[in-house]
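What follows are several structures.
Both of the next two complexes hold subunit A, though its partner changes from subunit B to subunit C.
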Partner chain A sequence: MSALTFTMKHRFDQRVDMSPLVCNKLEGLTPVEIAAIELQNGKRKIRVDELFRIKGSDIQNIVIEGSFSKLDFIGKQLDGGSITIHGDVGAYLGQEMKTGTIKVDGNAGIYAACEMKNGYLEIKGNAGDFLAAALPGNKQGMKGGTVLVKGDVGERAGDHMRRGTLLIEGNAGDYCGSRMVAGTIAVMGQTGRYLGYAMRRGTLLLWNQPQLSATFNDCGSHTLAFLPILFASFMKLNSKFSNRSVAFNRVQRYAGDMSELGRGEVLVKI
Partner chain B sequence: MIINGVTIDETFAEAFGMKATRAIITAQNEKWAMISAQAMTGFATSVIACGCEAGIEKILDSSETPDGRPGVAILIFAMGGKGLAKQLETRAGQCVLTSPTSALFAGIDEGVQIPLGKNLRYFGDGFQVSKKIQGKRYWRIPVMDGEFLTEATTGRVEAVGGGNFLVLAKSQPQALAACEAAIEEMRKLPNVIMPFPGGVVRSGSKVGSKYPALGASTNDAFCPTLKGMTKTELPADCESVMEIVIDGLTKEDIDKAMRVGIQAVCDLGIENGIQRISAGNYGGKLGPFHFHLQEIMA
Partner chain C sequence: MLTKLTGGIVFDPANKVNGKKKDIYIQDGRIVSKPRNAEPDKEYNISGKVVMAGAIDLHTHIGGGKGNIARMLMPENHRMDPVAHTEIKRAGTGHAMPSTFTTGYRYAEMGYTAAFEPAVLPVNARQAHMEMGDVPMLDKGGYVLMGSDDYFLRMMAANKDQQAINDYVAWTIRSAQGVGIKVVNPGGISAFKFNQRQLDLDENNKHYNVTPREILKSLATAIKELGIKHPLHVHGSNLGVPGNFQTSLDSMAGVEGLPMHLTHIQFHSYGTEGDFNFSSGAAQIAEAINKNKNISVDVGQIMFGQTVTASGDNQRQFANHGFASPNKWVCMDIECDAGCGLVPFKYRDQNFVNALQWTIGLEIFLLVKDPWRIFLTTDHPNGAPFSSYPHLIRLLMDKSFRNDMLATIHPEAQKMTTLGSIDREYTMQEIATLTRAGAARITGLVGRGALGKGDWADITVYSENENREKMFEKPDYVFKDGELVVKDGEVVKVVWGTTHVVRPEYDKSVEKDLKKYFDKYMTMKLGNFSISDDEITEDGRGSLTVHPTVGEKV
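And now, the complex of A and B:
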């Protein structure tokens, strides 16, 4: 069986809600039924076959060709299977995904991986603000799984993050790890201002010295035993994080945010 | 059956179902991993009074351990799941948490999950940090030498305890030398431990006693100094009997260990004073696992 492939016919002006096109929601549907699914497009509904040419039948392996930045909610609540996207994606990529894999070879908009529960999400380009964050008003962001971004990420990455691993090969914007409840965020590039703002627990793992707020206290230099295990868990990834030469276990440890619970940590490679 | 002049008795060892787990202790170097492992498996020769039977299974090099440091794998056996969990936690807390540079990991992933460091985390007094990596939860507990890293749980599996064989020899030094040779070979095998001191027990017991308060007492039929006073099982020129007790994760593991051990004893042969190999049992009525010596050595 070849992958169920949706190839974009032409780019619409209005945004498209792609949430019905996830593996678990297509189970048992015939190609005709899939073509007839209606997607929200701006204020109107539009059939899938008006937007995409459809090819293949393996619903556990979905491919979106010619994607662009107005396709929102791709992989929402994905529960198994894989979605591969060629091109950019809009907002809310992989929102609340439970298991499975999403790979994007372009850029992602705001709120990618927001409130993600488990699985693996990979973005080859950049990601917008509020990566792996909680939706406005909600208290818990990403709750599990792994997110890998090979480019840069916007502001508030990991806002309210509860659990899981967020790996950023590039730079992170301001307020990275803000209001973090727990989990791990690793940033190979530079980080912006207000790093870990109001974080309660969790780990920010950095390769470069950040500009830290006064509410983070220096706990000194340490060799931490969990770091080799953490880096070993990255070995299967197609990423700079899997390169043995980037791994380290010697860090400068800063505890914070002392204006909040103060059980979080910023670990900086030394 | 006679091997190299050594008689293999037509008898069997009788063993029991137990619960077991494996833990991996690592440290800055093998010396400190071993110190911690020896402490954790100390006073664990017999469930009769120790609460569990434990021993060192294997020394691990840095490529075999979760954190890439030298380590030691230990096995712990107990009669019940609750007893095993209690012993594991107590020993981990007093012997590994306290040991410089140590870290503690699960050695068995499958089976019922029982606490390893799950409750030790409270020693961190709120400063402990949890990390869930590839589905496994770890606890980082701040201690005076840095951080104690421990996996939260380890797997508990069904196991077999009490496999054994007796070495009858013309003299005490010869019995001990034969047992040492057996233990050296048996320690090369995975999934088994010989929990008694140095792997050898000289005070084999029988069920019951003339003293009502005691459930077990000396195995007088195999005590050489009582040959003229009791219904002895020993030949007239036997001066010493020593026993090797084996706990294993499966019956097959014990089968293999007994075969290797008995063979090592028989290799010394009658010319080194080894007379017979026998085994301890309770008539086959108490333990569901029977290890027939002649079948094992066939």
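And now, the complex of A and C:
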């Protein structure tokens, strides 16, 4: 069986809500029924086959060709299976996904991996603001799984994050790890201002010295035995993180945010 | 244009019409007697249907800053409840605190034609009127919040005479374009700012050495002497505290016979008996209401489900923030005027306290004998969103339904309540009194809540249905000022109601001292404080209706 492939016919002016096109929701549907599904497009609804040419039938393996930045909610509540996207995606990529795999070879918009529960999400390009964050007003962001971003990420990455691993090969914007409840964020590039703003617990793992607020306390340098174990867990990834030469176990440790619970840590490579 | 409603069964307690078949004629927005020669231009055959005046909610939080804070605090409550626009209606969101337009439509689609915002802070009154100006379909009005404002407490502390208090109250109600005066936890909001975490009726506010009892007495006297029709609207001391029924009884006695309206009395009727030290004080409260004719109440019934409590009572809101569900809350100070607290609540039928609160509200409804002095509210959104009113009406009118619901709540609460033994079922006429005639009378509205000759044609027509919830949630027709605005429970025409106000007289010289005070302490200048009529009417939608005041020396 070949992958169920949606090829974009042309680019619409209005945004499209792609949430119906996830593996678990298409189970048992024939290609004709899938073609007839209606998607919200701006203020109107359009049929899937108005937007895409459809090929293949393996619903556990969805491919979106020619995607661009107005396709929102791709992989929302994905529960098993895989979605591969060629091109950019809009907002809320993989929102509340439960299990499965999403891979994007372009850039992602805001709120990618928002409140993600488990699974694996990979973005080859850049990700927008609020990566792995909570929806406005909600108390918990990403709750599990792994997110890998090969490019840069916007502001507020990991806002309210609760559990899971966020791996960023590029730079992170301001407020990285803000209001974090727990979990791990690793940033190989530079980080912006207000790192870990109001974080309660959780770990920020950095390769470069950040600008830290006065509410983080320097706890000295340490050799941490758990770091090699953590790096070993990245080995299976197709990423710089799996490269032995980037690993380290010697860190400067900072604790904060002392204006909150103060049990978070920022570990900086030395 | 002459409109005729033919053959309806009319319930109009204001004119002592109890379920009589009667035609109604409408001309130029008002009800007229049968014209001699003229043929109606439009006739609605409503034979056998139930006709009442448009319903009036005399205590519902639909304007003022707290609404917007609640909306910001609970975006998830809005995401879950989107409302699409139609040809004539605007889109909106929200379950516990809907957006303004949705609020207006939902009220009208249940047969309501007026709603009163009970906590208009003078310093925020402009925003409250702007927000109510965005609520379509309904007549509006606001009770101006006093009693914890620094200027008033300074006057009390300095033993200013009653005349001076009266002038200040009149100046405030006119400046804020109000129709009544509300006091929330008298002196307690202010006491919170001086680190007092509770304030009993006879306990001094530490800073001003003034007690809540003195504040109630002074404001109730001012209202009587100024001739403001709506009695002092009191959110009493010790809200939600077990044993507070005694505070409520003492407050009733404290005003010494002056008119007083105790709002959301359910939250103030708790005893301390039983294994959980929480019991119903409904019997004592109802007995006192039955005895004291100067007292009126609205219930503030709770309903099970998610809502948000929004109150000026920052002292009690702070005390209850631990119950916030979801766990997030706001308490704030509002400069010299008062405060504000928002705590999301999820009332659960399997929670002993919530279940007993539910029974206490219903007990009060059923034990208070005079339907002219008790009103149907959930203190929207504090007890439940107003959209639960039809369900509440069914609980009142249908004993077997009520007992079925009672059988599903927390078993210990079932044991503690007398609700199951109360046989009373509200009649149609009593519901019309509670929600129409009585509410219009107690708020001092002239020509509303009644279906007599010359009254405004705010009319609701329901199809008789044994299931009262179904009946009251979807009226066949609603007329606002004579125009058909709702058909089969759907808005068919968007209209804008008037804003009801009172304008008691006062001595203009009060402004001299107030100006000095404003320059020194307030963020706003005196000249900007008063809301002009234009601000309410200039958008072409709003209008003002001034109701008469006749003062009487106490």
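Assume the second predicted complex is superposed on the first by the 270 of 270 C-alpha atoms of A that agree within 3 Å, B and C clash if a C-alpha of one lies under 4 Å from a C-alpha of the other, contacts with A are read in each partner's own complex, and residues count from 1 in each chain.
Assume a contact is a pair of C-beta atoms (placed from the backbone, for glycine too) under 8 Å apart; a residue touches a chain by one contact, two chains touch by 3 or more.
Keep in mind the model is a prediction, meaning the values are calculated, not measured.
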Looking at the superposed three-chain arrangement on subunit A, would you call subunit B and subunit C a clash or a fit? fit
Subunit A as apex of subunit B and subunit C, Cα-centre angle in degrees (nearest 10): 110
Name the contact category of A:P228: first (subunit B only), second (subunit C only), both, or neither. first
Subunit B or subunit C, by number of subunit A residues touched: B
Is A:L135 contacted by the first partner subunit B, the second partner subunit C, both or neither? second
Three-chain overlay, closest Cα atoms of subunit B and subunit C, distance in Å: 22
Dual-contact residues of subunit A (subunit B, subunit C) none
Contact residues on subunit B for subunit A in the complex? 66-69, 103, 126-127, 129-134, 138, 140, 146-147, 149
Provide the residue numbers of subunit A that touch subunit C in the complex, in ascending order. 135-139
Within their complex, state which residues of subunit C touch subunit A. 72-76, 79, 326-328
Residues on subunit A engaged by subunit B in the complex (per definition of touch): 144, 163, 182, 184, 201, 203, 222-226, 228-230, 232-233, 263, 265
